[in-house]
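Below you'll find a set of structures to go through.
Note that chain A is present in both complexes that follow, paired respectively with chain B and with chain C.
Right after this comes the complex of A and B.
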């Protein structure tokens, strides 16, 4: 092994340096060995599979078989549309709520922090399956506690799981319940890194709480907000458990998402080629959205 | 001025309290429903105080599936995954934080890039690899292996290990300690809080993971808790009391742990969100 990659000057330490030069490679080896087998290989093979007709034996290469079908598949477009609606509606609402919560938690006016922290942050330890089970029970049209509560305060019962729009709203409420606290935790850590001197200076200049919020908090929070945006976008694109268990992707296909559709194609119909094309679409959209959000929201921060 | 603050504080609490109760409601209902007979869970008005049907619900749950087996599987899988995975993440994080070596920047970029790759892109080949090529269907390793290279863990460990003083490592080297020994006897002990945080996050991730286990587990005896509960939720005739007992068992240990170790949970969650 040559030593030209090494920056340190050749001194008396040379005798020790072989072990030291090789040590980092030894330390990263287990990770990257596993990474090669369980990340790199599947990602590459998935790409290849998307160009293979897996509906016949033996599998044959056919570059247009899956992608051509994808373009014309109404069920795919429906799943994509549902995913995008959830992305466009639920993510901004949730992040707005999470930002307000983070500001509240950061305020010295708030007492009983332990109670509020538990209420808003406890959902983040719940698994998707347990909470989906609870929500399916709560949102039950005839017997659910939610409809009972709505009726008892004079509002009508809503067919949460049996009509398209309410079903989508159910999914969005469930996701908001589960992920608002998670995002608030991240945003709170961002808030705490904003220098207090900025607020003091603003107060001296006579800025009220609202002005401080929009002129200091939001701009300073931008990188962290961007981070939560990207995380939530990727998470929503991968949405599976909630529609799978709460609404069983219904009624009809009203809450079918990209990944529930992928699951049906891949593991109900065992059409691996087509499912791979859907998977790559999910990844592609994730990459596009991440880049777009970094460009739009975070342009300046990237250079810093 | 002080009155103004008091009023603002009251408004804040008046807005936040109903929202907090709304957020707590599903968890409270889960626990209450676990103790109610089915007809009371689905009655109008619903019973909102705990009942005495817990033993019956537990029996219902075990009629439908081998829940104790699922708990055993989940505990074993999550424990093995966490102990091996944390060690692998700590080793890589240490190399990235405390060594300069050719390829470091590129490899670290790969780790960061992997954080944004949806699992679904790996799912199908991984299924073929694990189920067909390796023949591991319905084993613990089928669940453990695909996530053992856990990029978030590496990233988190690297960020924390940047704070290790290089002088400390140099002193050990001068004393003649081997690199492996330095890692085990110096680095790991001083990194205990960070290791705990990452272990908590990885354990919870594996405990709750659903999509991959759902793909690879076909044998009832191999089910993890989420897969087992998932099969019940989909049934048309369900014992909701039984399901709520199952969800409560899957959840309550972590709710208690969260109360006790909030600091570690929050450290794990905010990993990477704010640059130092």
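Right after this comes the complex of A and C.
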């Protein structure tokens, strides 16, 4: 090889440089191939499917069959409504809680910081199935520890899993338990990037802890808050595990979400076309919400 | 290409591994029941391993449909399917299961009642063999009823049942309930009562939605009476088992296959259980209905369809095996030749010496026949919600609730609502 290279250096160099130019494409090709097969193709195909009547064979093209049904389908609107309630109630509560937690994690007054950070992050390490099974036990109407606790302090037992509003609250409590620590850790990293000099200057100017929190911490945290907000919104729109495993989307369809409904249509009734239409609706809503949030919350970030 | 190679590699690996192994997917009590037939099967086919896996009821359905959608990948050799859910498979995936006529399945046709076949055949093809039936009955705790001063043999109507429930409620301060209803999680009570009244989601030919017909209305109203009495509790499959294990449930209303679950989950309550027939709507009315019942099918992807067929025939069409399954696991046979078996009239120790099979099987002839359809799941999803909302008082009347249900089922299936 090397003697050949000595014999005709110019050609080899040119050849090698062609090879060099092409080589990277070979290295990235497997990824793009897999990406095309497992991502691009299904995304495109499900779009096509949403215009096909797949209720029975043979499948036939019918452009408004699924989309027309979507608009009239009470079950879809109920699922959308439930998802929106969780989005409007649980996400802000959880992020407020996460922010407070992050501030606590960051406080110099707190001992055993590492332990607390781990403890609040731990729910995420636990598998979703065992966690859901435990929540079912905790919220069990007759034997659950939660009702036992409520009764022992003189409050009545709540039928957590068998009435609509308590069931939805159960889901929100479970989600909050699972995701607050995660968001707190992300927010903590944001907190740690705020220059301490700002607080020092504020203290010298006579600002109290509350003023510091609202005038420095929150504004400086805005981009990270936005990030957790968008993430939580998308996560809520894709909510499946908790309602599926803890309340089995019940009672009735009180905790049905967009994605559990999608799953039922796709894999219980085998109506892929309708499931695809729901999937695209979820994606569309996610895009709209993300844009809105970036506009509303991230506006000033862009100016800066 | 890579994907293809991988798939091929996986397939050959599966092929070698399963050359002499049959995998069977089932749920709950069916696992030990079918396992009890393995010995006699191995006498015919020594060296063939049979692995019976309990995946849970819904999971068997979900994974089976997913496997069929994937062209028969990741499927067992023998597949348990509930009769009223079966037709979606033949309709959506006619090539996913072996047509048993290619294995000599016609020989089985005269061995089982016609109504069991209606959901398992499509055209000339036979896709599954009938396993058990699910004639309903009320399973009750003799000791708890007695303590409340209720005579179970005197219960004839749903009103009597409610009165019994109220008495039990008072005796035990509300800690023991007369029954449990899967309110909001399943509509089994509705299906059992509607069947009793001769009504179903759809008509026999499965061309119209009939869920708002008078029989179903009567079923709904009765359910509401039972629920409003406060003598019954909401809960699903697991909660019901927990409840009777803890002596907090005096009776359970289900298909006859539930006897096996009770015996398996509460062996220490032997002798304390008894059975009375499903209460009638009015005195002298029908005291029979059916819930569930399943069948065994052979996925077309099986490497050993002949072996699988022999396993199925041996388990389901052999009198000894079926009698054994009935006696030990409480699954009601569909095999016609067992109708007059003397063993059925014997008392069963667990059930306080009562000849429960004579009583339960005696109702089979009164069960109004209904046919499931491939739209069973759609209709069920709607009914779970409507029943729940109706019991919560969100509808003015049972008729209004069922009219709403009918229009929703029509919208999701494309079938018209019957006049």
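Some points to look at:
Here, the second predicted complex is superposed on the first by the 273 of 304 C-alpha atoms of A that agree within 3 Å, B and C clash if a C-alpha of one lies under 4 Å from a C-alpha of the other, contacts with A are read in each partner's own complex, and residues count from 1 in each chain.
By our rule, contacts are C-beta pairs under 8 Å (C-beta built on N, C-alpha and C of every residue); 3 or more make two chains touch, one makes a residue touch a chain.
Because the structure is predicted, anything quoted here is derived from the model rather than measured.
Of the two partner chains placed by superposition, only chain C is touched by A:250; chain B is not.
One of chain B and chain C touches more residues of chain A, and that partner is B.
Legend: residue contacts after superposition of the two complexes on their common chain; A:57 is shown touching chain C, with no touch to chain B.
Legend: residue contacts after superposition of the two complexes on their common chain; A:279 is shown touching chain B, with no touch to chain C.
In the superposition on chain A, A:117 makes contact with chain B only, while chain C stays out of contact range. Residue contacts after overlaying the shared chain place A:104 against chain B, while chain C stays out of touching range.
Of the two partner chains placed by the overlay, only chain C lies in contact with A:159; chain B stays clear of it. Of the two partner chains, chain C is the only one that A:268 touches; chain B does not reach it.
Residue overlap on chain A between the chain B contacts of one complex and the chain C contacts of the other covers 37, 140, 142-143, 248, 267. The residues of chain A lying in touch with chain B in their complex are 5, 7, 16, 19-21, 23-28, 30-32, 34-35, 37-39, 41-43, 45-46, 49, 104, 107, 109-112, 115-138, 140, 142-143, 145, 148, 152, 177, 180-182, 185-186, 189-190, 193, 209, 223-224, 227-228, 230, 234, 237-238, 240-241, 244-245, 248, 259, 262-263, 266-267, 272, 275-276, 278-280, 282-283, 286-287, 290. Across the interface of their complex, chain A is touched by residues 2-3, 61-62, 65-66, 69, 88, 91-92, 183-185, 233-236, 239, 242-243, 246, 248, 374-375, 377-378, 381-382, 384-389, 392, 408, 411-414 of chain C. By the touch criterion given at the top, residues 33, 37, 55-57, 69, 72-75, 140-143, 159, 162-164, 248, 250-254, 264, 267-270 of chain A touch chain C in their complex. Within the complex formed with chain A, the residues of chain B that make contact are 5, 8-9, 12-13, 16, 20-21, 23-24, 26-27, 29-30, 33, 41-46, 88-89, 91-92, 94-96, 99-102, 104, 107, 110, 114, 116-129, 145-149, 154, 173, 178-180, 183, 204, 207-208, 210-211, 215, 225-227, 229-230, 232-234, 240, 243-244, 246-247, 250-251, 254-255, 257-259, 262, 265-266, 269-270, 272-275.
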